[in-house]
Structures are given as structure tokens and as C-alpha cells.
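Next come two complexes, and both contain subunit A; in the first it sits with subunit B, in the second with subunit C.
Here is the complex of A and B:
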């Protein structure tokens, strides 16, 4: 009895081989938590720096010089206040007669829209030219320094605050001067390319995933295919560019150039370096990612759900269509959209496929020559002039907004599908 | 291979073939890869009776049950030998489509697994895909009444089935199974995930269901087998050890291993 009692007593205290260490264990955990927090902070800081540097370039003071002082045209230089007739008068008074005749042949001045007239006065009469640009930080924090610099270097120039992202930037095409250049052609090019990517990669990717996950037998051949799809997802994107060049631009040129359909939109000859080729190349690029994502989504559907379908006498197709797909479609779709939003930012494969670097015309069909936002950004940043770096930053903002809205769309779609799934 | 129901040899057999048993196995073995889970099972199931299969975990009772309606076909690496005769036709004959088999031999699973759809759709889906052309409302009410669920859900037929309680969900699964008018209901531990009250409701239900269907139930719970079944089979390590009327098996086991198991010496 006393032996039992003493054993109970030791049990309560431990037999001495357990050392008190809870304080140490908790401290250990706290150190790890601090490391995780630090990693998060580092990531946030880097992202913040990225956004800050883009915004820094996309807005700021601009020093501009002119051929004709706007103050001589309108009081205070504000030509917006002029009437249409006064604008026409300003054009007639300042332009060479040959230029006036050319404009009149295009469309008589008196019949032109007000916006058109304003643009003409700005471009042709006043003739704004950027002589110096300043970053947002310089503009806001070092205004005195900017003013001193301006007084010394360009006393004639007018200093205005400019948002490089503006309606005109979005609405005009590529141009030789940064202030006139815009992203319209690139934006349309990007949207059309992505549309083709989505239209081909979504159905093919999801269908392939259904076959691999639901139908394919688990044999050596299919395992080989599965492993290689995983490998393909890791292949550098420029390799896909080479593939696209070989297949779509060269081998399938009659189709991708539109010649086979008698629909050559571009008489200068895109030679297969068309939006169609670009979209299909990006589709190749995202296909493995979409397939893997979709396979994983299907795999996450519980076996019990499939079995309950089979148990009432459903065929495999009925189980897949009525149960597996609805139960997994939110995941399949978000995975695919995220893959596509990565593809929007792809530059390398499109350079290889042959994106145009200077395109002043909007693409008119899928058989047009193309450029896309990342190509445009790449090309602008490569230029030596300061103001092209500013519009590059502006184009980056446009691209980011496009990608973020696509991701937001994916999230909203997923949430709606989830809500529907829950009720069903 | 396109075959209409009327000309399919299996469906024809279901219509015309008469045997004393609702289901009969002859030398049925099931392998998972190299492991033989069910060994040479030969037994018959009486029509419109409840047959319980009992045995300790891993004895092959669930595997055997899932072999009866070819549910094991869905598991990669699972092979079945021997015969399972339904109306005299072998469900494993090469020309038989397992989909046809499952339409006649329904199944209720361990965990309630209603479709994530409305209560009504849960009942109707199986009937529709099998070409049901009768009155849908009638079928919904009739099936839910057979599962003793009608009174509880008649006002929420369009609500999600997942909003029901676990016991209600399991009865919905039974209603769903009977909605395609099968002949046999296989139940794989249908109450093991339920509380005692829901369990007893389902046990009561089995008594009513056996007027129309042949029921084969796998259970862990010997008391349950004793309460609900007419005949009981005891399996151990893939072998059928003893198969007898339930009372006889529990009161007068012939085999020592059966006796040890039902007296709680192992399992």
C-alpha cells in the first residue's frame, strides 16, 4: 500500500527525468514567430518599393517649351477658354499655308470637333516639347531645387505637374515623342492576345485534366505524360517562344497569317507574326499550369461524392459532369485565371514570336501584327530619353491595373461559385 | 457497343431469370494488388430479408459488399474473381456494364454523402439519369416516405441537403437509393457515423424496407446485427466462417472463432 502511494506521488511530480522546460519551448516558438513576421515585412517592403518606384516615375513635374507662347493666343495661356472660331483663327494665323491646305483637305477646319481643334492648336501651333522631367519625389519634396535648376537651365520653359497616365495616354498609339505616345495599340494587342489564350488554353487544359484525372488508366505511359506535364510547367517561357516561332509563325504560317482564309488584314505582311500566333504561344505556356491546377482540383473532390453518383447507376461521364465538375469548378477557374494573368505579363516568348516594336496602328483582326503592354514597356525603358521612362512607368501602372482587375475578377467569381456550391 | 435496355442480356436476365436467391456468390475472391481481401466466398442472400455481415476490422466484409455491385471497379488495383449471380446472370461477365448492375443493386455508405444539391434533386437525379419518365413529385414523396423522412423535410424540399442533420442525411441517402427502384440495397456500416437516436431510427427503417428490398448490411456492431438481421454471416481474415439464421448464430455458434468473436474475446 505504501509502495502504491509513493508511486502515485512520483507520478504527479514526474520521476525526475522530465526537466521543466516550458518557458524555453515557448521562447523558441516566439523566436520562430518573429522570424516569420520579419519575412513578411521584408516581402511587403520590397513590394512597397516596387510600387513606389513606379508611381515615382509615372507622376511628376514636367518642363515644357513651346514654339508659340499660349499666352499670346488666350488670356493666361488657357486655350480651353477659346471658342471654336477663335481656335480656327489661331490655326489659320500660325500655320503655314501648305499645312493648312493639307488639314483642310482631310476635313475642313470649320467642320471639325472642338476636341480635334484643341489638339491641333496644342500640337501644331503651340508645339509643346518636353525638355526636362522630374520624378514625383523631386516634384513634391525638392521643389526649391527644381525651381533653381529650371531658372538656371531653361528659364523659358513652363513647369507643369503631369500625370503620365491620362486619357490621352490610354487613347493614343505609339509615337516618336513620349508626350504623344500612348498604349492603345498595346492594350488592344494584349487584350486580343489574352482572349485567344483563354479561348484555347481553358477548354483544352480543362479537358486534358479531366481525361488524365478521371479517365486515364494508371499505366506507365500515362504516368510518363503526367510527370512531363509537371516538367513542362517549369520550362522557361522563352523556350515556349521558340516553340511558338517554329510551329505557329513558321510551320502554320498560312493559318496564323490568315492567308489560308483569304483574310490577310495587313498588306505589309505580318508573315505569321500575328496576334493569333502570340495568343497560341501563350496558350502553350499556360496549358501545363492550367492542367495541373485542374487535376488537383478534381483530385480534391471527395471519393464519397463520386461513389454516391455511381451507386445510383450513373455513368462515369454523368458523375464527372454533374458532380466532379460543379464541385471543383471554382478551383479550376481560379487556377486558370491566375495562370492567364501571369501570361499577360510575359515578354520573352512574344519577343521571340516577333512582336512589333513600333506599331502605330491598332490591330484590326487576329491576323494583324501586334504589340503588347510588356513589349511596349520593355521597348520604352530601353530608350535613353527620360520622358520615355516616364511613360514606361505609366504603362506599367496600366498593366498592373489590368492584372489586378483580372485577379479580382477571379476572386469574385470563385466566391460566387462557392456560395452557389454551398447552397446548390 | 450500343445496347438498349430491352435487348441487353443482363437486363433481360433481371426481367426473366428466377433464382431462389436475391444474390448469390460463387467462389468470389477480391484482391487488392497482391493482397487477397476476400477468399473464395460462396454464399446466397435470401430475398426480402436482412442479411448482416459481421467481423472484425479488416476481415473483408466491406470489400465483399462493394464487390456485389462492382463498386470495387472504381478502386485502382482491385480485382475480383469468381461469380456474383443476380437473377442467374453474372454481374462480372465481360459483356455486363457495371452501370446496369448498380442500378439494380443500390448502396448506402458509411458516411452520409448526399449530393450538394437540394433535397428534391437528391432524389430525382438518380431517377432522371436512369430514364425515369413518371411523375417526379410522386417519386420524391414516395421515396422520402419509404425512408421515413417525408414529414421532416416536406417543407424544405428545395433547401440544400447538406443543411439536414447527419441522421436525416443518411435517411436521404436511403431515399435516394430506393428512388431508382433497385432490388437490393447494400449498406456499408450505415449507422457508424450517427448518434444512437438516429441509429435506432435507421434500424427501425430496415424492418420496413425489407418488405420491398433485399438488404445486405455490413456492421461493426454485433448488437445491431442481432437486432436488425434475419441471417448473419461472420467473416474473418477474408474467409466466411459461419453463415446462419441470426438467432442460431448468436445463440449456438458452430465455430469456435464465431463464438470467441460474439462473446467479445477479440475484435
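Here is the complex of A and C:
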């Protein structure tokens, strides 16, 4: 330190040590500039790694074995070539009598469509079973290694390339085996939950913002509301889950279970752990964010617009409804949609509120049990089996696409509204 | 409109204020909407308060704050194993987010051209918009296996607080860097020009003039980031491990406060049991800690935030 000080002193005297030092300082500056840039690149690379690791797990080779070799059913193992009668025979010859009776009760085998029979033979007789999965990188870059491994470990198994995101994945519900599981119920659950969130949080949030920006006097109560909203925005989401559990699931159970509306309590026994409770919990969670965004939008509306309304005799509400809202609605709406797209990804509060752990039926009303996409991702990721990680990755892709399309919708909507806007 | 104007018919001009019931009703509706946020806070305080009160009557606040064991099965309810795990994950999260966030912010505010900044900022926003459960997947399925292959499977557990902390750092990085960048950008140009005029290099201007001038904003950003890390749930629920354990080894599994709440409430839990109420006591601690951090962060900005006009 003292050395630096004396150097500074000699510099001040102008003895020429400034210049030789300059090169060193500039080199030091360049090194740090590179470090700052590197940190930024690292942050971007992390995003790339995140996406890459998900894509890596959502596609790849899958080794499958069957319990009954199709070659024993049809020559060459091609069951497509079998006639309907042969398919029925294959089912009758290989299935347990109890299962056959159950199928017959649903619909007699002889009356079933050919596609239905083929699917039954494939699912129930041949019974594909995943014995090993490989990531996309392994499948593309290390094919030789995969083949060698397969020859040594599972010589019987058939190796197919599989996209874990596929039509069947989107169209089927939860299942005990990864290859049959899908996100259908979760997707419907997510959409229904979010609809409730939007239906409650949008009007209340925008109304609260109008109160705070247009009506509220600067008194202690209104200042308290403002501070309170900022504090609420920082409360961890899991606390909202606890609130939802105590208020919506337990205290308001007659309402959230539907019992109060004559709708007989859900036969599956949801007991307040319903889509309605979940949607309302998320509504409380996004409310502060929607209010803060809407307040900013109203604040951006020029004062002159309001004054000119008052000047021609408009009431306060007429000014708000006919002038302030149309002039700011694009920003209010985009802010609200972005807040809701964040709510779609929320997991923790819904686990606490009581998402079902294994739901194979689609929700039928807002009083049904629920599961959502993020909950499904959580449950599949928490399982130790590799193939459940594959479908978790596939579900993440579905979730990200859903969120991206919502954001894109928000941007398109904003541009549309902006073009129509009467006031700039 | 004018024919509905009563004064126009009578021909007399009245300046008295008219009663406007619709306006009054709307006014009432709006103020009730605004009051819902206060009700939410009240709901949080009351539910956490009453359930925790029931818990503390059975367990005792001294055991809750003093014991190093959390084993509900045998009636041990000491918060420390959970709190310690929360501290550990938050510490490693800040170890990533603090330097990296500040460096990214300095780069964006001081070095990057406008075009680079306009392309990079949306990328960081995307990073901030990804659901936390996806980060949890990333921690468990990618980062932990990578650490295990790097440092050895005996050292690093399948579930560990280190990996959860690192990924949590990545999660809060965009928040920290964007708040820091706002603080740095708010420092007036004249301060920089003054330093340049004295012969300072770009680095010296950034680190010895701009960063100290924006210090309060930076501190607020870090504290807010820390608060986010303490309340973060899904990453630790997936990657940090199940089972409360008091350990300082980041490569061992340990359950955080949030992780414990999610695991227990996700299973079958009967209301009015001590286990159920214990979750509310943990949530109360969590609420108070994050509230204190958030208030501190806002107070720093309000009190020490330098306003350059």
C-alpha cells in the first residue's frame, strides 16, 4: 500500500513513471474485460446446456424386449399380416382367462375393429418392455458402443429410435410404465387451473391497480396497501401453497369441493383438493405481479389525456373506462399474460395444495382432483428409473412449448392492440 | 345526451353535486379488490400463526430453535438440520450468482455495445422464465452425474446440496444480473467522464468509480437474490435429498426447509396432527426470513440509494 502511495506521489511529480505503468494497467484491464465477457458467455452457455440436456433425454434409442416373440404368432414376426380371426386366436391363446373376460365385457373380441385388435395384441400379448434407454448423444455419436453393449447385455432386444414426445404421449394419461404414460390429464389439468387463475386474478388485479393509480388518496391505508403488495411479491411460492391448503382446501372445503353447490362431492373423493383450489391459490400468487405491472401501465398514460376527459365533463369512471384503459390495455394485458405464464410453471404450491400423485382420469369439472404438467415432471423426475427421466424430459418440452406459445400470443396480442389503439 | 340532462329541461343550472350510485358502486368494488392483497397477507400471517401456535404449545419454542435433530417419528423437532441445509444451498447459490451476476452486469452495463446488450438481455430473461422444476431436473439428471464423474462417486452423493446450490445460483443469476445492471446504468455518465479525464482505464472506471457509486443497488440485488434462494423449492426437493440431516458436507444429501414441506405435504398427511402443524412452523420461519431480507433490500434502496439528477 505504501509502495503504491509513493509511486502515486512520484507520478504526481511527473518523473515519468506514469507511462511504463500504463501498459501494465491496460493489460490488466484487458484481462478483466475478457473475464467479464467470459462470464456473460458462460451464462448463455448454461442456457444452452439446459436445453441440450433436455433434448438429449427426450429423444434417443430404446432397447425393447417382448414377453412373447411375435415370430411365434406370425411368420417373420409381422402381425400386420394376420387376419382378424388369427388375431383373436392369438389373444385367446396367450391371455389369462380373467383378462379375456374383462375385455369381452368391454366389447366382445369378435366385434372389435382391426386396429383395436392389433393394438391389443401388441400391448397385451407381445408386451413391449423397455430394458435400456440411450440419450440422443449416445444414439447419434456412440452408435458402435451402443451396439456392442446391446450385443453383450441384451442380444434379444430390439433397438428402435424413439421420440419420447409423440402423439401417444400427448394423448394418453398417467401409467405405471414410462412407455405407456402420457401427459393428457396433466395438460387438461394445467389448462383448467390456469383458466380459473386468469378468470379471478385478471379482473381483481386490474381493478386493484385502477384503485391504487386512479382513485386512492395518498393516505396511510393506501400506502400500506402499496408496501404490502411489494412484500407479497417477494413471498416464496411455497408459502402461498400453505395458505391455499389452510384456506381453500380446509376452511372453504364446502365450496371448493362443490358440495355447497349441490354438486355431490366428487365421487373420487377430492375433498377440497380440487382444480378450483389450485387455480385460486395460483391466482393469489400472481395477483401482486399483475397489480404491479398494471400500475406501471396506468402510470405511463399521460396526464393530459385524463384532464381532457374531465374538461368535457366526464366522471372519474368514464375517464378510466373510456380513456385510461384503452390507452394502456396492451401493456396491462401483456404484463398479466407473462405473469400467468410464470404461474403455469409453478410446482411447489400445487404439491402443497394437494395434487394427486397418480391420476389416470381426466378432470371432468373444477371440482375434480388435479395434476398439472409441472407436477407430472416433478413426480417422474423423482423416480429412479431411467425411462421416467426420458418422459420427464419430454413433458418439460411440452411445458416449455406451452409457455413459449403463451408468450408469443402475448406479443402478437400487444401488437394487434397497439395497431388499434386510439391514443398513442 | 343532452335530453337526459334534467337541468336542460327545467332550464335552471344547478351546480350541486349529483348522486352517482353507479360511480360509487364501482369505487367500492375497486377498493375491495385492492384490499384483497391485504387479506392475503392477513391470511398468511393468521394461518401460519395459529397452526404454529398449536405446534409450539406441544413442542416448545426452545426445542424448536435449540435441537439439532428433526425426527418427527420420535418427536424430535429441532429446526437446525433443515435450516442448515437451506443455508448450505443458499451459500453455494450465492457463490455462483454473486460474482457471475456482477460480472455479467458490469459487462452489459459498461462494455457491451447496444446491439450485443439488446440480444443478450432477452436471453437472460428466458433463463429467468424457465420453471424451477426444470432446473430441478437439470440438477438431478445432468449436473449431479457430471459432478459424480468429475469428483468420484464415493465423494459425491446421488443427492447433494452442492449440485442443488450451484443450479440454484444459475436460477437466480438473471435476477441478480438484471438488478445489478439497472443499478450500474443509473450511475450518471459525468462520473465516468470525470474518471476518464483523470486518466483512468476502463476497468478502473468500472470497478473504482461505477461499482462503488452503485453499491447500494448492488447490495439490494444480492439480498433479494439470497431471499429467492432461501425460498426456492423445486430444485432442492429434487436434487438435495430427502431426510433432514445436520451436515456441513455439501456432497451429502440434506433436506432444506422448503424441501421438507414439499415432501411431507405431498404424501398422505392427516390434518390436526403434529406433523401437519410442524410444516406451518417451518413455513413461519421461512416467511419471516424472506420478509426480513426483502425489507432490508428495499430499505437499502430507499435510504442509501443515491439519486443523481
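Assume the second predicted complex is superposed on the first by the 345 of 424 C-alpha atoms of A that agree within 3 Å, B and C clash if a C-alpha of one lies under 4 Å from a C-alpha of the other, contacts with A are read in each partner's own complex, and residues count from 1 in each chain.
Definition applied: contacts are C-beta pairs under 8 Å (C-beta built on N, C-alpha and C of every residue); 3 or more make two chains touch, one makes a residue touch a chain.
This one's a predicted model, so the numbers in the text were calculated from it and none came from an experiment.
When both complexes are overlaid on chain A, the residue A:25 reaches subunit C alone and has no touch with subunit B.
Within the superposed three-chain model, A:215 lies in touch with subunit C and out of touch with subunit B [touch as defined at top]. Of the two partner chains placed by the overlay, only subunit B lies in contact with A:323; subunit C stays clear of it. Shared-chain residue A:419: touches no atom of subunit B or subunit C.
Annotation for subunit A, partner touching more residues between subunit B and subunit C: C.
Shared-chain residue A:315: touches subunit B and subunit C both. Using the contact criterion defined above for the overlaid structures, shared-chain residue A:305 touches subunit B, although it does not reach subunit C.
When both complexes are overlaid on chain A, the residue A:347 reaches subunit C alone and has no touch with subunit B.
In the superposition on chain A, A:46 makes contact with subunit C only, while subunit B stays out of contact range. Across the superposed pair, subunit B and subunit C both touch subunit A at residues 315. Residues 69, 71, 74, 76, 99-100, 102-103, 106-109, 111, 113-118, 121, 125-126, 129-130, 160, 162, 173, 176-177, 179-180 of subunit B are the ones touching subunit A in the complex. Across the interface of their complex, subunit C is touched by residues 18, 25-26, 28-29, 32-33, 35-37, 39-40, 42-44, 46-47, 49-50, 53-54, 57, 203-205, 207-208, 210-212, 215-216, 222, 224-225, 228-232, 234-239, 241-243, 245-247, 250, 284, 287-288, 291, 315-317, 341-342, 344-348, 351-352, 354-355, 357, 374, 377-378, 381-382, 389, 392-393, 396, 399-400, 403, 407 of subunit A.
Residues of subunit C that touch subunit A in their complex: 20, 22-23, 26-27, 29-31, 33-38, 40-41, 43-44, 47-48, 51, 99-100, 103-104, 106-108, 110-112, 120, 123-124, 126-127, 129-138, 140-142, 170, 173-174, 177, 199, 201-204, 207, 224, 227, 230-234, 237-238, 258, 261-262, 265-266, 271, 279-280, 283, 286-287, 290-291, 294-295, 298. Interface residues of subunit A, counted against subunit B in their complex, comprise 218, 302-315, 318, 322-323, 326-327, 421-424.
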